[in-house]
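Right after this note come the structures.
There are two complexes below, and they share chain A, which is joined by chain B in the first and by chain C in the second.
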Partner chain A sequence: MSVTVLSGTKSGWHPIASSSDLVDRHVYQGQLFGYEFAVWRSDDGFVNIWENRCLHRGVRLSVGTNDGAELVCQYHGWRYANRTGGVTYIPAHPADANTHSSCARSYVAVERYGLIWTTLDSETSLADLEVLDVLDDGQAFPLRPIDLWVTSETTISHLERIEIGCPTLADSTKHSDLVLFVQPVDERRCVVRGVLSERPDDEAKIDVLRFYSAELGAVRDGIEKSAGVQAAPEPAAFKVHPAVEVSIGLSSATNRQAAVPVRVRRRWNTATDVVGFELEAVSGQLSTVKPGSHIDLHLPNALVRQYSVVNAPGELDAYTIGVKLDPTSTGGSSTLHGEVVVGDELLVSQPRNGFPLRRDAVHTLLIAGGIGLTPILAMAQALDHQGLPYELHHFVRSQNHIAFADRLEALGTNVTHHLALDPDETVTQLQRLISSYTDAKHLYVCGPAPMLTAARATASANEWPDHAVHFEYFANPTQQDQSSEFEIALARSAVTLPVRPGESILEVLKNAGISMASSCEQGVCGTCGVDLIEGEPDHQDVYLNDTEKRTGKRLMTCVSRAKSSRLVLDL
Partner chain B sequence: MMQRCSDPVVLDMWHPVAATVELAAGVEYQTRLLGEPLSYAMSPQGLPQAWRGTQHQLPVMHAYGVLWTSLGSPPDELFEFDEFHEPDRHNVWAGSVGVHTSAPRAVENFLDMGHFPYVHTGYLGIEPHTEVKDYTVEIVNDGKEVLATGCEFFQPMGALNALGGMLMEYTYRVPHPYCSILYKSSPIDESRRDAIVIFGQAVDEENTRAHLVLSLLDDESNDRQIQAFQQLIFSQDKPILENQHPKRLPLDPAVETPIRSDKTSIAYRRWLSGLGLRYGVLPAVSDGR
Partner chain C sequence: MIKLYDFELSVNCYKQRLLMSILGVEFESVLVDFFPGSEHKGEEFKKVNPLGHIPVIDDGGFVLRDAHAILIYLAAKYDPTGNWYRTSDPELIGETAQWLLFAEGTTNTASAARLHDSLGYPFDIDECRSGAHKLFRVLEEHLWFREQEGLDWICSGDHPTIADIAIFPDVMLSEEGGVSSQPYPAIRRWTDRVKRIPGFVVMPGIFPAATA
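For the complex of A and B:
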């Protein structure tokens, strides 16, 4: 048997846990150089290594809950997404689901030789993680880790001189080589993680583990004794990363507009006339997406189209969208259906959320018409994942028109399909569903305009307050009138600009060099909204609800205009 | 080990060291305050005493069921808490609990409603009722106190005598850097309010003894039950507080991520900064002393 002793000083890579520490739905507390980490595996197998502090009030994330897709902080229930560490929900403010975009500080994780590896140096590349000739990833057998109350330097210098015998009781590891990795825990402690090059037979496993635990335990005692250790060292103080870079990605206009390259990973016919696409990042990690969000997809023919992201919580290896072929397509859905194939690269915007989901309803009523299912499905999956009460009603032409049937299936009896209803029957059914309002119920609707109009009318007839009725249109059905002429004054920059007939406020702002985020540019998605300080708006959008329109405190710069001669905007 | 306190603001404050009902007359007790050992006793005549070493007498005061002392020159008066003296009130000492965190962290937790559904599930809060609605925070009493009013939260079982879930309205006072009083509508008399108080004893910078006192308009629940309920609630907070880092309260707003519902905490941290208090906190970088 050969014994090799290795530390990560050269490569920058250190083991932080055994694969077996990452038990299902568990959060493991790891430590390296005095820094603490919350290490957890999501149900999709991804290993997350994050700084062990909740961004909010500093509680250890390792005392939080791993729900398989998200890590939930124990103190105030902030939810952090698998893979990105992005905050997806802050329960104290259910209505602000889309305004927070901080991320837990995360570190790369690599699983090899039955151990979880990381590096604190973001410059370190994966290539630096040594590939050891003696160890074969498939065969390697990790031993129980041994904690030492001495520094990794002292330990290494001792280990280099030790002899470890071959277990007589475990014939199967006789020819095994042993590699000892030394993990620096803090300034006073380290962990030695042994890995055998050969996996013992199943029945010998326990004996092998015991044998080496005893051997290495004796080695530990020897090292501690010669280093004069008598008692456990005081635990080192919790080290906090000096500057936590909270990525506030989406809040700056430039970032909002930056498009990222994605590749079509999968394309399939999910229903009659509906093609599903899975878009994975060409490099790096996709951004966190919250239920109800959409992305702008830049097509090969230079058109830009919005699609809702269907993803469930923690599902961030690819964005899934559903594209319905529009018979009157002007090159959006027809290009995606006709030309875009697996392997193609496209650009997408960061996800934006104009249709955010509250999660404090005692009951959530989700209603989707046709392909309006996509944002509603994302919401249903989030509610389902959290075990919150909801029902999803899907109005669709026929069984064959049901997109994402597998995802819907997984939601079980919460989903009802209403097949082949004519417009009158649809209205009757909506009236039945959207019956009387009781406190803390919320309604979300997405679908074709006539259905939305009917649903909103029913809700208001049954005294649902505007704040409990949430909707998203596919397109703006209102006839746009761009004939007015007025002036906009920008309160914060003391600039006044004229808006002439045929021009939008958004165009005027962009032409004046003001950086504005926008997406659908037809008053549907809410991205280009600004606060209005003074003046009477002519809304023309379908994003704001009637109460919001009446209060006149916000407008959509892409379609809204003025009834007064001047608008003062909070810009 | 912890250094001795050199913060003049904290040295000159009154500090709670024990609930007086706990004290047998004439018996000497030991504790630690601001990292220093000290002794205290209640004389057979009912006079409080506190001293350092064998004889160095410290200022003392007996107020609100608690023995107070100081390692510096404390003001003549302690903050006001008039409800305690109302004749029809039932004042209960609910326990003194050690917690391995700074006193300001313990106070901030006391001021926080957002954790109710997660930490006190089924008692002070429950999902999905997680929203912290907007409320008002001001600095009152000549800058001597933080006051948060109109704080509403849905509670499934906010007190022993609560009759099921209800929207509770809270008022929080922070009249002392390490103490806070919360008022909530009394289940017995809607026009008046029960008070729950945390008197924080800074054992050292990262260890606190929380002396919990209630002043209730209720005479039905017995003291034992009240103590058990408060101790249950506090035992739910304790592991969270002990897993919070850094243990000293960071006053620099960039160190953590406050949200709107943390208005009281934001005001409290700013107020501490303004007082120039340094013990048990991590001063903001811009605070150039």
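For the complex of A and C:
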């Protein structure tokens, strides 16, 4: 039997845990060279290694909870997504989905030899994770890790001079080699992680583990004694990386051109006329997505279309969208249905959320019509995951028209399908569902325009306040009038620009070199909204609700215009 | 109804609240101004407990002191399943007693360090912390091998016992006394399991785990 002692450099790869340390719904606390980690495995098996502090108040994330899809900080409930570390929800800002797009600092994780490996240097390549001749990943058998109150340097120098016995009790590991990885924890402590090159027989397993636990434990005691350790050292002050402002999503530089390459991983018929697509990143990691979000999809024919993302919490290995074939398609859905196949590469925007979900409602009523199900389903999955009270009513033509039936089925009795209702029956049913309003109830509706109009009218008649009624249209059904002529004054830029008939404010701004985020460009998604300081707006969008339109403090620049001769914008 | 002479921040009082909650035993807290009033050291309280410490219970006139003794009494009397303190099995009685004595050790080291750091008790803090780490190393190895054998709890068998209750808060709050639980991953996983016992209740510094 040979014994090999190994330890990496400051920028190299180090084991920080055993694979078996990361049990279901647990957050493991690890440390390397003074940097602390919260390490957790999601229900989909992904290993997250994050800096061990909440972005908010610096509390250790390792005292938080792993709910299988997200890590929730114990202090103020900030939720961080599996895979990205992106903040998905801040309970103190229930209505705010977009402004916070920060991420926990994450480190790369690799599982090998039954251990979890990471490196402090994101530039370190995977090839540098030394492949040991003596260890075979499938056979390697990790031992109980042993922590020492001694530096890794001292420990290594001792280990190199020490004889380690061989168990006589297990024939199967007689010829096994032993590799001892020394993990520097901080300036005063280290962990020795032993791995045998051969897995013992099942009946000998515990005895082998006990043998090496005792053997290495005795070695530990010897090293600590000769190093003069009297008492457990105080942990060295833990190190933190300097804060970095990470901004993704709706930054001022984001516009329609900013795009991420994705590949079609799966394409399937999820319902009559509805094709599901799973879009995975061509390289790297997709951005965090929150319920209600949409992405711009850049099609091979250069068209750009918006699709809501169906993903459940923590599901960030691919974006899932549902595309309904529109019989009057002008090249969006017809191209996706007719031409886009598995393996094709497309571009998508970062996810944006103009339809954010509050999670502080005493009850959430979700109503979807047809393919309007997609954002509503993402919301239902998020509420379901957190165990919050909700019901989802899905108005759909027939059983065969129900998209994502498997996801809906998983939500159980919270979902009701209303099949094959005519327009009058739909209105009657909506009136029954959207009955009396009580405090802190919230309604979310997405579907065809007549249904949305009916739902909003019913809510209004039953005295639901505008702030409790959330909606998203597929398209803007209002008759657009671009005949007015006016000027816009940009208060912060001290620039005044004319807007002529047929031009939109958005076009004028972009032509003047002002960086504006936009997406649907028809007054549906809310991306291009600006604050209005002065002037009488001519709202032509379907994003703002009636109260917001009446107060006139915000304006969608893609379609809305001015009734006054001048608008002063907060730009 | 059982009266518990109680202080919210006391780990030993919490052990009683936790077990009674799990067993569904109703009780009434008689709040003792342990800090800053030191009511437990006053003449009036010495009539309840001449040793001047809490917790103490009064169960219909039967008065009992000392946290781990109270756990034995409550489990023996109020757990009809007999799982929390298995008096039918001599080995398990011995094992449970062994780990209850171990819990005296964690209370006198880890929880003493916490009293030093948070309430200013004049203990030898280095001794408290080193003592706690020595015990935690033993507990870590014990629980690590329990996991290897597919077992979840401190004593043998597939059900938690009062030994789990007795050690749990000393471990959970050790950080407040400067004793990091980071070197003890098997202990940390076991605390998650304790938190998932039906009837689990929290105290300041001890939060629920995610459902498994």
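Keep in mind that, in the parts below, the second predicted complex is superposed on the first by the 556 of 571 C-alpha atoms of A that agree within 3 Å, B and C clash if a C-alpha of one lies under 4 Å from a C-alpha of the other, contacts with A are read in each partner's own complex, and residues count from 1 in each chain.
To be clear about the criterion, a residue touches a chain if its C-beta (ideal position, glycine included) is under 8 Å from a C-beta of that chain, and two chains touch if they have at least 3 such contacts.
All of these numbers come straight from a predicted model, not from anything done at the bench.
Chemist: Counting only touches as set out at the top, which of chain B and chain C does A:17 meet: first, second, both, neither?
Modeler: The second partner, chain C, only.
Chemist: Once the structures are superposed on A, label A:102 by its partner contacts, choosing first (chain B), second (chain C), both or neither.
Modeler: So A:102 only meets chain B here.
Chemist: Determine, under the contact definition given at the top, whether A:25 touches first (chain B), second (chain C), both, or neither.
Modeler: After superposing on A, A:25 lies in contact with chain C but is clear of chain B.
Chemist: Regarding the shared-chain residue A:218, is it in contact with chain B (first), chain C (second), both, or neither?
Modeler: A:218: touches no partner chain.
Chemist: Pick one for A:126: touches chain B only (first), chain C only (second), both, or neither.
Modeler: In the superposition, A:126 contacts neither chain B nor chain C.
Chemist: Could you say whether A:55 touches chain B, chain C, both of them, or neither, answering first, second, both or neither?
Modeler: A:55 contacts chain B only, not chain C.
Chemist: So, does A:342 touch the first partner chain B, the second partner chain C, both, or neither?
Modeler: neither
Chemist: Just chain B (first), just chain C (second), both, or neither: which does A:63 touch?
Modeler: In the superposition, A:63 contacts both chain B and chain C.
Chemist: Figure out whether A:461 sits in contact with chain B (first) or chain C (second), or with both, or with neither.
Modeler: After superposition on chain A, A:461 lies in contact with neither partner.
Chemist: Taking the two structures together, which residues of chain A meet both chain B and chain C?
Modeler: Of chain A, residues 63, 74 contact chain B in one complex and chain C in the other.
Chemist: Considering only the defined contacts, which chain C positions touch chain A in the complex?
Modeler: Answer in residue numbers: 126-127, 129-130, 133-134, 137, 141, 144-145, 147-149, 178-183, 185, 188-189, 192, 207-212.
Chemist: Which of the residues in chain B come into contact with chain A in the complex?
Modeler: Per the stated touch rule, the residues are 112, 114-115, 117-119, 127-132, 239-240, 243-247, 250, 255-261.
Chemist: Under the stated contact criterion, what part of chain A meets chain C in this complex?
Modeler: It comes out as residues 17, 20-21, 23-26, 28-31, 36, 63, 65-68, 72, 74, 144-145, 147, 185, 189, 191, 205-206, 209-210, 213, 217, 230-232, 234-235.
Chemist: Can you name the residues of chain A that touch chain B in the complex?
Modeler: 53, 55-60, 63, 73-77, 90-95, 100, 102, 238, 240, 244, 246, 359-362, 388, 440
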